[in-house]
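As written, the chains take the letters A, B, C, D and E, and residue 1 is the first residue of each chain.
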Amino acid sequence: MLSLMIFIPLLGMLVVLFAIRREQEELAKRVTFIITLIPLLIAVFLFVDYDRSAPGHQYEEDMMWIEAFNIRYHVGIDGLSVTLVLLTALLGPICVLASWKIDKGIKAYLALFLLLETGMIGFFCALDMFLFYVFFELTLLPMYFLIGIWGGPRREYAAIKFFLYTLFGSVLMLIAMIAVYLKSGTDDVARTFDIPTLIELAKTPGHALADPTFQIWAFLGFFIGFAVKVPIFPFHTWLPDAHVEAPTAISVILAGILLKMGTYGLVRVNFAMLPEGMDFFCNGEGRWGNSLAILGFINIVYGSLCALAQTDFKKLVAYSSIGHMGFVLIGLAARNESGLTGAILQMFNHGVISAMLFLLVGVVYDRAHHREINGFGGLGSKMPIYTGITTLAFMASLGLPGLSGFVGEALSLLGAYSKFKVLTILSTAGIVVGAAYFLWTLQRVFLGELNPKYEAITEINGREIATLVPLGILTIVLGIWPSIAIDMFREAVSLLPLVQ
Amino acid sequence: MTNIASIPYFIPEIVLVVFAVVIILYDLGSKKTGGNGAAYLGLIGLVIAVITALVIGSEDRSLFLGMVRLDSFAMFFKIIISVATAATILFSVRSSELDPETKGEYYALLLAVTLGMYLMASSTHLLMIYLSLETVSLTSYILAGFLTHSPRSSEAAFKYITFGAISSGTMLFGISLLFGMTGTGDIMLISSKLGEMFSQGNVYPLAVLLSITFILAGVGYKIASVPFHMWSPDVYEGAPIPITAFLSVASKAAGFALFLRLFYSGFKSADASIDWSMMLAVVSALTMTVGNLAALPQQNVKRLLAYSSISHGGFLLMGGVLLTSEGLQAILIYLIIYLFMNLGAFFVVILIANEVGSETIDGYRGLVSRAPLIAVSMAIFLFSLTGLPPLAGFAGKWILFAAVIKEQLYWLAVIGLLNSVVALYYYVRIVKAMFLESSDDTESLSFSPGSLVLLLIFVVPTLLLGIYWNPLYELSRASLGKLMG
Amino acid sequence: MELNPQELVFYLFALLTIASAVVVVTIKNIVYAAFSLMVTLFSVAGLYVFLQADFLAATQVIVYVGGILVLILFGVMMTSGSLDLKLKLERGQLFWGGVVSLTIFGLLLSVITNTPQWENVDIGASQEPTTRKIGEMIMKEEYLLPFEIASILLLVALIGAALISRKEVRDE
Amino acid sequence: MSLQSYLVISIILFSLGIFCVLTRRNAISILMGIELILNSCNLNFAAFSRYVTPPDDISGQIIALFGIVLAAAEAAVFLAIILAIYREFSTISPDETDTLKG
Amino acid sequence: MPVVPLISIILVAPLAAFAFFGLLSLTGRNYARQDLVSTAAMLVAFVCAVLLFTNVVADPDKYSHDGAEIHSLTWLPLGSVNFSMGFLFDSVTSVMLLVVTIVSSLVHIFSIGYMHGDPRYPRFFAFLSLFSFSMLFLVVSDNLLGIYIGWELVGVCSYLLIGFWFEQDAPANACKKAFMTTRVGDVGMFIGMMMLFTKFRTLSLYGTDGIFALASNLTTADMTWLSIAGVLIFCGAVGKSAQIPLHTWLPDAMEGPTPVSALIHAATMVAAGVYLTARMFPILTADSSLFIAYVGAITALVAATIAIVRFDIKRVLAYSTISQLGYMMLAIGAGSYVAGLFHLTTHAFFKALLFLGSGSVIHAFHAAHHAHDHDHEHDHAHGDDHAHGDNHAASFDSFGIDPAQDMRHMGGLRHKMPITFVTMLIATLSIAGVPYIFSGFWSKDAVLVEVLYRAISWNSVHHYILFSMAALAAVITAFYMFRLIFMTFTGEPRNQEMHDGAHESPWKMAIPLIILAVLSFPIVNKWSFEKYVKQPAQPHVHAPKHATYDASQDVLHAQLGLSDAHAAEDAHSEDAHHDAAAGHHNPDHDKAHNIVVPLSFVIVIVGIGLSALFYYWRKISADAVAARLRPIYTLLWNKYYFDELYDGVLVALTVAGSKVLGLFDLRFIDGIVNGVGVVVQAGCARVSGWFDNTFVDGLVNLVARITWSIGGRVRRVQTGMIQNYLLAVVGGVVLLILIFRALF
């Protein structure tokens, strides 16, 4: 089941590449759309069928891959991954729809997109560390090309920057990963990459993996790898560039999924597997005890302030992502139920909301061919539906209760407050600033007198609405009844080494 | 084993010599007709040599009264070298650089250099080592300067030979000192003598250090490690592209074979007083860093790949640092993978040089629209060279780093991996030119089906070995044989 | 200090070797350098005689003086067309070259004086002329393979040198 | 006439050879430097053969013999290449054959 | 009557009305009669609210205690910690439901007339519905999280409705300012919630493991903590109820349509802050109570003084609202929950009436305006008078005020608009506190009595001061409210053109006025209110004379106090606030009452008399007094420079920051004028944006550049000259040897 979901896009890539002629652009788009629906169906099925009360992984598939290093093809999902898989699968068809207007080399675009989807779904399903890393890296290549070929004017710079940053992070992660592998056994006792096994070993007193010093270093290695992806200050500067230059659908994927890969990794590896390392950086004591929370705080405030300074619509949204990922971090740092639940929920919700935001930016960019916030004005009267949806998305993003963004943020902060009082209070500044930049943007773009240049601007069309509505519904539904999501991963959270 | 008894086990080498001579004779006879007969003869010779080698097997034997050794380690390298030579022959056939009139000698020389490399992989006597090294070197000088009417080629040959002569002279001096201390040229005996000397304290460590470092100069220049690397960018740039490919792969592989044999079975016993590991680690770190940094600003793709191959030499050396079987295995595996990806990249360079007539990055602009298959293949090779999963380069990198980290050389691993980030940057410059930029010239390029098939021969392993590389591991373990004692 | 004639001759050769080598390295005129090299090579051959390596000495004279030196002189002549034979010396390179060479010399001196294997070695008994023995070792014993390989090497060098020189012929 | 006296000559030759190779601005002089180096090596082998190895073991001498042969081969190729250089660049100064760099 | 279904209907009805609109909009169409949908929904809600009220009437004993009936279910089950959501039903809720549904229904009806012809007519009603839903949700929530959710939702609705006419800059600015300012307060509230949650592991208020029960067990050691938490929660109320210093948004919010001002910015949303403070009553400590009381009193006085000099009819009312909200806060801070809520209720009706009345006037004037072919939209595009920062007399002219709202254009309207005049007069009499006949008297009297009673019984200087401020504010209130009436309805028309065009509003607008006028009489009277609403215990407030804190008594109190307020009263009969709820048999209380009632007469007479002297009989020239008292007048005119203070600090900061950065930009100054708060953040943000680009990115780029330049250097080593290479080789060998010789 999982393998099917992972590799169908890959198969689809081959179909698109080899079975469709270059001229048949419409066909290619339709085929891709249908292909991306399959993982979505599977993901929905998994979401429904997943046994919420059982802890641990389900739908596992496990077989030997590379015997020499005891590398296995081991996939499985728990509640945490299933939500993210669902998000990925959902954004798949939406992004294909959002890419409908691309006119240059659509076949290659779609093929790369499908490859990307395989990487992302695979990453969330992988239970073997090696496999995990392979999928992690697998997303790099298509992303590079997707930004680099189909991006904006500074696409080359943005693409290589993204690539270099991520690779930088992942090589450190590679070292940590190898070290963990080597420590997991000896020449006599088989070593392993199996994540569940490693988690158990790391808890076993006296085992080499449980050594705090080792865990701290390993933690750092993994952390930097994921931090670049999240991105955590000061590794974040690739993000505004990449987001701004990427085509709309790719920004959606970047913000919606790729950033989550970082935080997912933090939960899966740093949190679950390296509790001692985590403890060192999050226990609130000693020189390093506040590190993670401080980073979260910086992300929140710094990202928000930067967002406020932007005049490029897309860049603003990009920086807002940095801010919002800060809530995830600070929630993780809290290491308690509400913090962690909040963090995970925020991951999912931010995926949905930021996807909406980027889609919305794309809509207006398609019409006005620029994104300068000050260059609009008064669009509210010409594009009421668009304005309405944007307002919804903005409100969700600035954490309006009743919409999904709030629950994650609030839980993260509630959880964090019990550990890091001052930092959490300072972080709430992000809530105010968040409101400030969104409202200011709303004002500059939609309110006020209509900019005469846009007298003839057209309202959002059906296809675009179709990409936004599912996300909007999710935003509202999860805002009202977040338990739908929380039920999924409550057991998964309870298995993590929580500290009350 | 006596001389006469050894001959049956020496058939592959003899085959090479015979075919070299046959090619020259054939060439004399068919001077006017041109064609690629000589090339195919060379290929046949190689195939026969490999087949006979496989038939003979790799049971551990010392041949010619201890001059050379037939073991699985040598066998491994012989096959690698043969594949590289075969590829070079095929490349040469498709290269428009070479003068068809002198192709006969060219292929004969290629077989001769292959013979030299075979011997490098199997020599166990200092004299044989020097001889085989010189055979390879002299032939390489000639091959590098093979192009008529090309100042670059002549300059390359000149620099190569000057550099090579000094290095091998230094090496010979080192050999003489070692001979003077131990009274023998057999590296096994040297090993035991050195061990004896060190254990008795009857030794002047500087003398050992100095002589081995001098010998390292000869080996280091073959594998282009810092500070013996400086010839390689110039020579790679000036030499005909097939030869560049050949030098970057086969010559390097042979150099590593020699290096490993010397250090693993010869000098290891001198380990007691001198931290070879540290020395090699420093050299390795320097090599990859220098190679990568210098590659950054290059515009000429050949030169860029030259620097990249220097840095890959550094990577490989990292495995040699450890003096453990994991490290050795990693080198062997990396070599196989490197063989495919690097040769593949050079083949693309040849094709582009033929069709576009340019060796600079600018010549690759917009390649994806002109020749998508070539561009995609090149991207695969380059990303594999960077070491990105799921390409073969990653598997190689992975095994190497696993070995390094196992020995707790974290600093080396960090340097190595940071280097791979730097490497990404310059590889991506080519990718960028191919995919992200557009050229004024948009007509699509056509390539012969043969070229494309040949390209696939390199692409497929680069992809497959990234996904499943267990067999490589098994093969490398088998190839280590008794080398580690 | 009493010197026996044998030693006197030895030191004469030694001095000659070194002095002529110094000339090779320093003299500006390349033709003089070539001739000075000839003296060095002869003296080294003389030293071989003192080491009771008669065959080696003969080979040295024949191959070096008869072959290599002639080649070098040919080279000098053939490349003298536009080249001023005066050698240029560049200061930085000269300085660093000197430093490096001296350092190497120092290191090597330290090595030869300190290596225990080379201290107070007895000089072996006078040997038979070595020619026969060398022949046997090369043709029958362990040096057969190197001999064969060397012959291939020479062949390759021959072909190669011809090939590269032949370019010139085709040029015209 | 101890072993050391031969070795001293040898290392002086070697150092001079290195110096020659590094400093002379003429390809042929470089070749001469290389010959000095090779001679020093051969002298070493011959000396060790006489002093260190057993009297009936003359392998040192044989190695020196091979050294001479190889030197000859190398010199031949070297000179051929020098001629080629001269043809292309009209000079044999190593300083001026520097089109490949960077 | 079943509580849960009825509350559900109350919530669902307006929400459905909004959802109907929202879903339909996606197709690009609107239902033209959204007004009927929304109004019907509101009437349904009203009916349900009335039905629910019968429960209270039927069983006052049960429902008069706060948190009487709770129906909650788990909303966020996290495992060991759970967040629940639920309905709370008690007399306070019931009263609030009634108030909200009544006012909302009437505003809906009024809007049918008032908003007629607006291009976004359906949208207006949809937003009203959404607001009503949010407000009702806030009121019925049984836990802090739910209150917070409703809290923010009403904020958003307020944002949407203030900015309803977003094409003009003033509403666009005002809505943002409103949202931002209240959000600052909300963050405080959220921090307070975090504190409570961390301590008690729950956000539920009632029940044995609710916050109140757990908080009552706290000891003296925790009092500071609890005070801080209380003040932080109160911060939310400061923002929402426009208390000083976060009051500046409310006058600006008058840029919204007048019905919105009536509903949101007079009757309901701004009162939510009072409601919240009242709900949190049991955890207020002596310190936090005093803080609240002072904030309330200062707000009441300051806002009243500002109102004196306004000419914009809606702004006068806005400041009046702020002032009255201050009264409510004062009451709660002074320990009288009942008085606060009572004033809330009465105020909701008469202030809604005032706004609707003013809306009626504005409507009339707009109509007139249109008749004279003026484009009002253009004229009041710069309604935000503070933004210009002019404080000299010349600019006191009509500059910046919508002529249709400028009282100086009005006068003599009583004949033209009799219904409006009469109903507004009633409301004014009520707010001025004309004794006995009007509800406003009763509630204001209650507040004053309670404050004075605390002062007397605790002999507290603080409360004497608070009382004086409140009394003074009452005088001023009477003064400026009658100023409004006199300037608008009496005398001669000052702008004949507009006057001629004005006419009485249609019945759709008149009926709500009349109904509200009726409600401004003491229909809601003190005795009935006190019968149904009982004050909860405040375990941590003690009269100052109990200097030594008796912990054991406190525990007892806590155990009894929450289960049975009466028992608590017995246990602490000295605790004055219980007496207020129980009756008037306390001598101190009677004393206070005896002082306040006569005082009220004085207040009303002085206030109205002065006003009449100035504006009716015109015995004193207001301009002359203004000229005499120029500094004070200027101060008041500029609203104590609050906006300028905020802006000025920001300007200074921004300019300094910009200079440091060398990024000084004229647009900053323009930007600063655009709005409070946003600009300084923009300044900081630009700094950090710059920092991001220059420093963080720069650092990385620097690394890249260094790498690159090393690459270049390494490359330059490759000179192309072979002897350099040779030197490197030989030198390298030597170096290697030397290094390793040295090291090993």
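One rule holds in what follows: a residue touches a chain if its C-beta (ideal position, glycine included) is under 8 Å from a C-beta of that chain, and two chains touch if they have at least 3 such contacts.
Every value quoted in this text rests on a predicted model; they were computed, and no experiment measured them.
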{"item": "Touching chain A and also chain C, the following chains", "value": "B, E"}
{"item": "Path length in steps (a step moves to a chain that is touched) from chain D to chain E", "value": "1"}
{"item": "Most widely separated chain from chain B, with each centre as the mean of CA atoms", "value": "E"}
{"item": "Far-end chain from chain A, centres as C-alpha averages", "value": "C"}
{"item": "Top chain pair, ranked by number of contacting C-beta pairs", "value": "C-D"}
{"item": "Identity of the most central chain, Cα criterion", "value": "A"}
{"item": "Distance between the centres, which are taken as Cα means, of chain E and chain B, whole angstrom", "value": "78"}
{"item": "Inter-chain centre distance, chain A versus chain B - centres from mean C-alpha coordinates, in Å", "value": "43"}
{"item": "Length of the line joining the C-alpha centres of chain A and chain D, rounded to whole Å", "value": "65"}
{"item": "Distance from the mean Cα position of chain D to that of chain B, given in whole angstrom", "value": "26"}
{"item": "Sites on chain E at which at least two other chains make contact", "value": "715, 718, 720, 722-724, 726-727, 730-731, 737"}
{"item": "Overlap residues in chain C, where contacts from two or more other chains coincide", "value": "93, 96-97, 100-101, 104, 107-108, 117-118, 142-143, 146, 150, 153, 156-157, 160-161, 164, 167, 171"}
{"item": "Shared-contact residues (touching 2 or more other chains) in chain B", "value": "127, 131, 134, 138, 141-142, 145, 157-159, 162, 166, 170, 177, 180, 183, 206, 210, 233-234, 297-298"}
{"item": "Each pair of chains that touches, named by its two labels", "value": "A-B, A-E, B-C, B-D, B-E, C-D, C-E, D-E"}
{"item": "Residues on chain D engaged by chain B in the complex (per definition of touch)", "value": "14, 17-18, 21, 27, 30-31, 34, 37-38, 40-41, 44-45, 47-48, 52-54, 57, 59-60, 62-63, 66-67, 70, 73-74, 77-78, 81-82, 84-85, 87-89, 94, 97-102"}
{"item": "Chain A partner contacts - residues on chain E that touch it in the complex", "value": "22, 25-26, 28, 74-81, 123, 145, 148-153, 156, 159-160, 163, 166-169, 171-173, 175-176, 179-180, 183-184, 186-187, 190-191, 193-195, 197-198, 675, 677-678, 681-682, 684-690, 692, 696-697, 699-700"}
{"item": "Footprint of chain B on chain A - complex, ascending", "value": "65-69, 133-134, 137-138, 140-141, 144-145, 148-149, 155-156, 159-160, 163-164, 167-168, 171-172, 174-175, 178-179, 181-182"}
{"item": "Contact set on chain C toward chain E in their complex", "value": "93, 96-97, 100-101, 103-104, 107"}
{"item": "Residues on chain E engaged by chain C in the complex (per definition of touch)", "value": "723-724, 727, 730-731, 734, 737-738"}
